[in-house]
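Next come the structures, one after another.
Each of the two complexes below includes subunit A, the first together with subunit B, the second together with subunit C.
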Partner chain A sequence: MKKKTIVSGGSKLEMFSLLGPTSLWILFFVVLPILMFVVYSFWVVRNQMIVREFSFKNYIRFFTNPMYPTLLLRSLVIAFGVTGTTLVFGYPLALKIYRSKGRAKAILYMLILIPLMTSYIVRIYTMRLVLGSNGVLNNLLMVVGLIDEPLQIFLFNRFAIFLTLCVILSPFMVMPVFTSLEKIPKSYIEAAHDLGSSELQTFWRVIFPNSLPGVIAGSMFIFVLSLGDFLTPILVGGKQGTTLSKVIQVNFGFAYDWPLGAALSVILLSISMTVILVSNRFGALREV
Partner chain B sequence: MIDKTTVPERIGHFFGKLFSPGFGFILLVITYVPMILVIVFSFNESIIAAFPLERFSLVWYRELLADASILGAFRNTLLIAVAAVAGSLVIGVSAAFVLHRFHFRGARIYQVVILLPFLLPGIFTGLALLLFFAFTGIPKSLFTVLIGHVVFCTAVVFKTVAARLMVMRRSLEEASYDLGATTAQTFFRVTLPNMRTALITGSLLAFVLSFDETLITFFVIGAQLTLPLKIWGMMRAQFTPVVHALAATIFLISTLLVVVFSRFILGRETAR
Partner chain C sequence: MEQILRIENLTKRFDTVEAVKSVSLSIYHGEFLAILGPSGSGKTTILRMIAGFEKPDSGRIIFDGQDIANVPVNKRPFNTVFQDYAVFPNMNVAKNIGYGLSIRKVNRREIDERVEEALEMVALSGYGGRYPDQLSGGQRQRVALARALILRPKLLLLDEPLGALDLALRKQMQITLKQIQEKVGITFVHVTHDQEEGLSISDRVAIVHQGVLQQVDNPRKVYFEPNNCFTAGFMGENNMIEGTIQAMDPSGVVLDTELGEIRSQYCLCCKELGVGEPAVVVVRPENIMVGSAAADAVNQFSAVVRRRVFTGSEEKMLISTEQAPERELMIKLHYLAIAHDQDAVTLKHLEEVRIGWNPESCWIVPLEENGAQA
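Let's turn to the complex of A and B:
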């Protein structure tokens, strides 16, 4: 759709008086901070001090120490797994909300909105409460008599990260898919029915293809958010569940190697940006 | 009628029929059970979060209210949320309006950059700001937290307002310009009143998001804590069921806000 240009009444002065302040804000608190990653990533740490001296050392460390590519691969595997799983579980739920009517629809919509808006850390905390060795899951299994001793398998491993991320992030899949389903004109579906297509044909040939922008938007969100999450690995991941984003956080924390952390961030950020820009090509940003 | 469905479609349908209601149901159950359990345990007198439950008690809530550091964190969180809403409204609305009103080179990039803090995980926005503040020598405090929240919430307000401006009838504004109104007059007398709903939606969203913001805050916070960071600290310290009470309180506040918020939006949509 082409936007109509309004020419009357607008002067260059008016434009810049509005554009100026917002652009300055964006420049100072969005663009420059992100560029800082690049700047810091070329510096080094010597004697616990950041030395402003140009060097490729941090990037070389990433590619020569097999630990870092392994961590990146692990992060990517988790992100792919979470994206796929939330799609498989989230799509049917979005479809269910789309097909519900009246009050039921409003309630279901709210049931997705609540977890989307509830504190991230509170939700991780509740997952830990369920999965922990003194957690509810072990407790229930012991009460029922299935096990005698608490199992350690639920918490502090990669599966716990995967499960927690799936539960926490799933609304980010359901919402965009639901939004794009709602946008499908009713006339398309009526036309399909009038032309004699069955429920199932209508779904696969009309509804599903038209919901793809939502699927892409949801997948983009989940992939990028799982890739960048560091609280979940810290809180439920344990030693086995170290991911690249957790290592970034550690480098900015007690390890105090900001330049290395910045270099790792640049790598992870480039991957995330690529995913966002590619999804945007498919119209994903219009669905959010 | 001849059934022209292909085999993959039929397989898809079979799984659809089998799982469709079930999968959605499973997702809702595993989303809500952990949160409901926290609420249940927050009213349980026992110090251990386990079944069978002991007696109903408000003791953890009483301890929560007696803890000055929690109340202080709550006050900080509210202050920042209100300020973040105000700040992001000003920047988000002007950014959306300038894009809607004028056409300039780089408008698309401008749009993506504003949305970036919303699209990227909090770790990037948080760390980027941390590096920027360290580089420029700005000490970490509630003020730096506020900047982080405004950056994040601006994206949300911008998105909401821009979406409204896209569907708003341009003839209204055109009529105003044709009658000789300036951009400012048109904005305050025509555009702004027409996007009242979007403004309220954006503010509510920004408020809830700021209230719960953890990932950006984590990197730019000073000695003064916000509620999510207070919980983070409590989770790592000696365990006490007060954390249950705090988690339950935060969850209930968010839920209340969402209910108000969605009633508002749904009410508007049916009224239109």
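Let's turn to the complex of A and C:
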């Protein structure tokens, strides 16, 4: 049989009409904007004007001015920290939901989902209410008697960024882990018990390894989202909480140095893309 | 024969459904027992209670003189082969098979040796390094079997293990299973809804219906001498003809049906039945004779051929009688019989033919209890 017939009589035109809209959507809203960034990153600013002149200047600035690599490192440390922390706390939570039954399971799952339905900015502000000088945490500590007056140490620093990101992003860890736990056939667990394993042995040898795609997917989400987040550093980061993504925002917003902002974005984007591609090799995207 | 396990009055209820109703059954050392029943009959629940996945609501499971109904799964000396095989995808074949031994902290060298032996037994030598997603369904099934047998269980429980395989592979695996069982001498308890499978591989068959154990006997007895009305209707691809009981005496029963009078030597569950009550006569398609062979039959009818279906080793024929043209009866003719019987060979569509069967090759059962209706 010739290869042509396998496409079951569909003409090229027919295939194009099916794939066309999707391809156009991806082209206009994903590929073109990114290409524009890449093009911008090779231009320069002179006298507050963007000059369309090919140059590596912006990339050279990144590597010669130690501030930028330091900021990138800081962003990476925060992203890794948030990923690790949400994994350590999110996995047991996902396991708890997975093991709950009936109504309790539905309610617990909804509790994880509900924060995602509120605005992202509102969620960050909520953390200010918790950590601020007149916030929940300070009041609690005063009531308990551990401190006499509000402490300023909770808010406007890197720790606040870390904590806020952990809180607002944790659903993105819990959900994929939960999904991949749910996908494990019950018979695997029964078989493990049948072959003599205890609950703990069953967890470490069968349940956990088979939930890894969810762990990888969740970690990928959290890492990429916290690496790119600029609102959290702006709202709760204060002076010492400047990250690379915040600097990108400043370059586009206030400094009017779009080419530099674009170059920094391209660098950050290539790190994120690498993480996504690598985790996809482990089947992470099939989990969601 | 020495008894290895005995279940007594085992009962299990799921919400409002009584899945297993007071089932008692002895399992003997070294036998191959098939638990056979239609889907939803409770057969899998019985197996799962023996394995320990379900706790019985009441009743006892006696092994080695002790009631083990409350012993957890991982402490019972039994192993299970699951319907979906449940081969762990995160481990290669050797790790899967050696799993139970590594849990039992057996030393590496012994694990390797025994895994090698087990691989050989299921004809998978050289496959130890493969991962489950590189195996076919039949191969995964054999991994599951080896993984359970390597622990030398006192009882191997098989939950519809061949259900997901295609027909040819299933037939082949039935033989393989039987050969392995004979070789290792371990007691096998095999749950299936496939009559042919249950009959062909087991030493004894336990028929279960609506949570109740109907009959336990060797395959021939269960097929040829059902002592229970469900079994009579369930085994075989039966013709069922309803009617009312016209006469009852020690030599048999006469049923008045739309075909006319039908005489049967056996009446199962007839204690509750009397003259004038509804009943069903069960006739196996292979017991109906055709043409000159039917000349001496006690229950004899003239009929026309509606359809002939050639299936290879046998030929199915749908006929209807003069008395009840709407009712089609199925007749199965073995190819040898067809070859020797000119009448059968030449029969054409809509041709008239005598058919018949004798009282000893049909059964009468109460109306509501025949297998086809259940």
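Quick note on the criterion: the second predicted complex is superposed on the first by the 272 of 288 C-alpha atoms of A that agree within 3 Å, B and C clash if a C-alpha of one lies under 4 Å from a C-alpha of the other, contacts with A are read in each partner's own complex, and residues count from 1 in each chain.
The rule we apply is simple: a contact is a pair of C-beta atoms (placed from the backbone, for glycine too) under 8 Å apart; a residue touches a chain by one contact, two chains touch by 3 or more.
Fair warning: this is a prediction, and the values are worked out from it, not measured in the lab.
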**OP:** Considering only touches as defined above, state whether A:190 meets subunit B (first), subunit C (second), both or neither.
**Re:** second
Subject >> First (subunit B), second (subunit C), both or neither touched by A:95 >> reply: first
**OP:** Examine A:209 and indicate which partner it touches, taking first as subunit B and second as subunit C; both and neither are also allowed.
**Re:** second
Original post:
On subunit A, which partner touches more residues: subunit B or subunit C?
Top reply: B
Original post:
Which of the two partners, first being subunit B and second being subunit C, lies in contact with A:201: first, second, both, or neither?
Top reply: both
Original post:
Should A:48 be classified as contacting the first partner (subunit B), the second (subunit C), both, or neither?
Top reply: neither
Original post:
Once the complexes are superposed, what residues of subunit A are shared between the subunit B interface and the subunit C interface?
Top reply: 196, 198, 201
**OP:** Report the residues of subunit A in contact with subunit C in the complex, numbered from low to high.
**Re:** 185, 187-188, 190-198, 201, 205-206, 209-210, 212
Subject >> subunit B residues within the subunit A interface of the complex >> reply: 1, 3-5, 9-10, 12-13, 16, 19-24, 26-28, 30-35, 37-38, 41, 48-52, 91, 94-95, 97-98, 101-104, 110, 112-117, 119-125, 127-132, 134-135, 147, 150-151, 154, 159, 170, 173-174, 177-178, 180-184, 186, 208-209, 211-212, 214-215, 218-219, 227-228, 231-232, 235, 243-244, 247, 250-251, 254-255, 257-259, 261-262, 266
Subject >> Sites on subunit A touched by subunit B in the complex >> reply: 3-6, 8-11, 14-15, 18-19, 21-23, 25-26, 28-34, 36-37, 39-40, 88-90, 92-93, 95-96, 106, 109-111, 113-115, 117-123, 125-130, 134-136, 139-140, 143, 167, 170-171, 174, 196, 198, 200-201, 203-204, 221, 224-225, 227-231, 235, 245, 248-249, 252, 258, 261-262, 265, 268-269, 272-273, 276, 280, 285, 288
Original post:
In the complex of these two chains, what residues of subunit C are touching subunit A?
Top reply: 51, 53, 72-74, 78-80, 82-84, 86, 88-90, 99-100, 103-104, 144, 147-148, 151
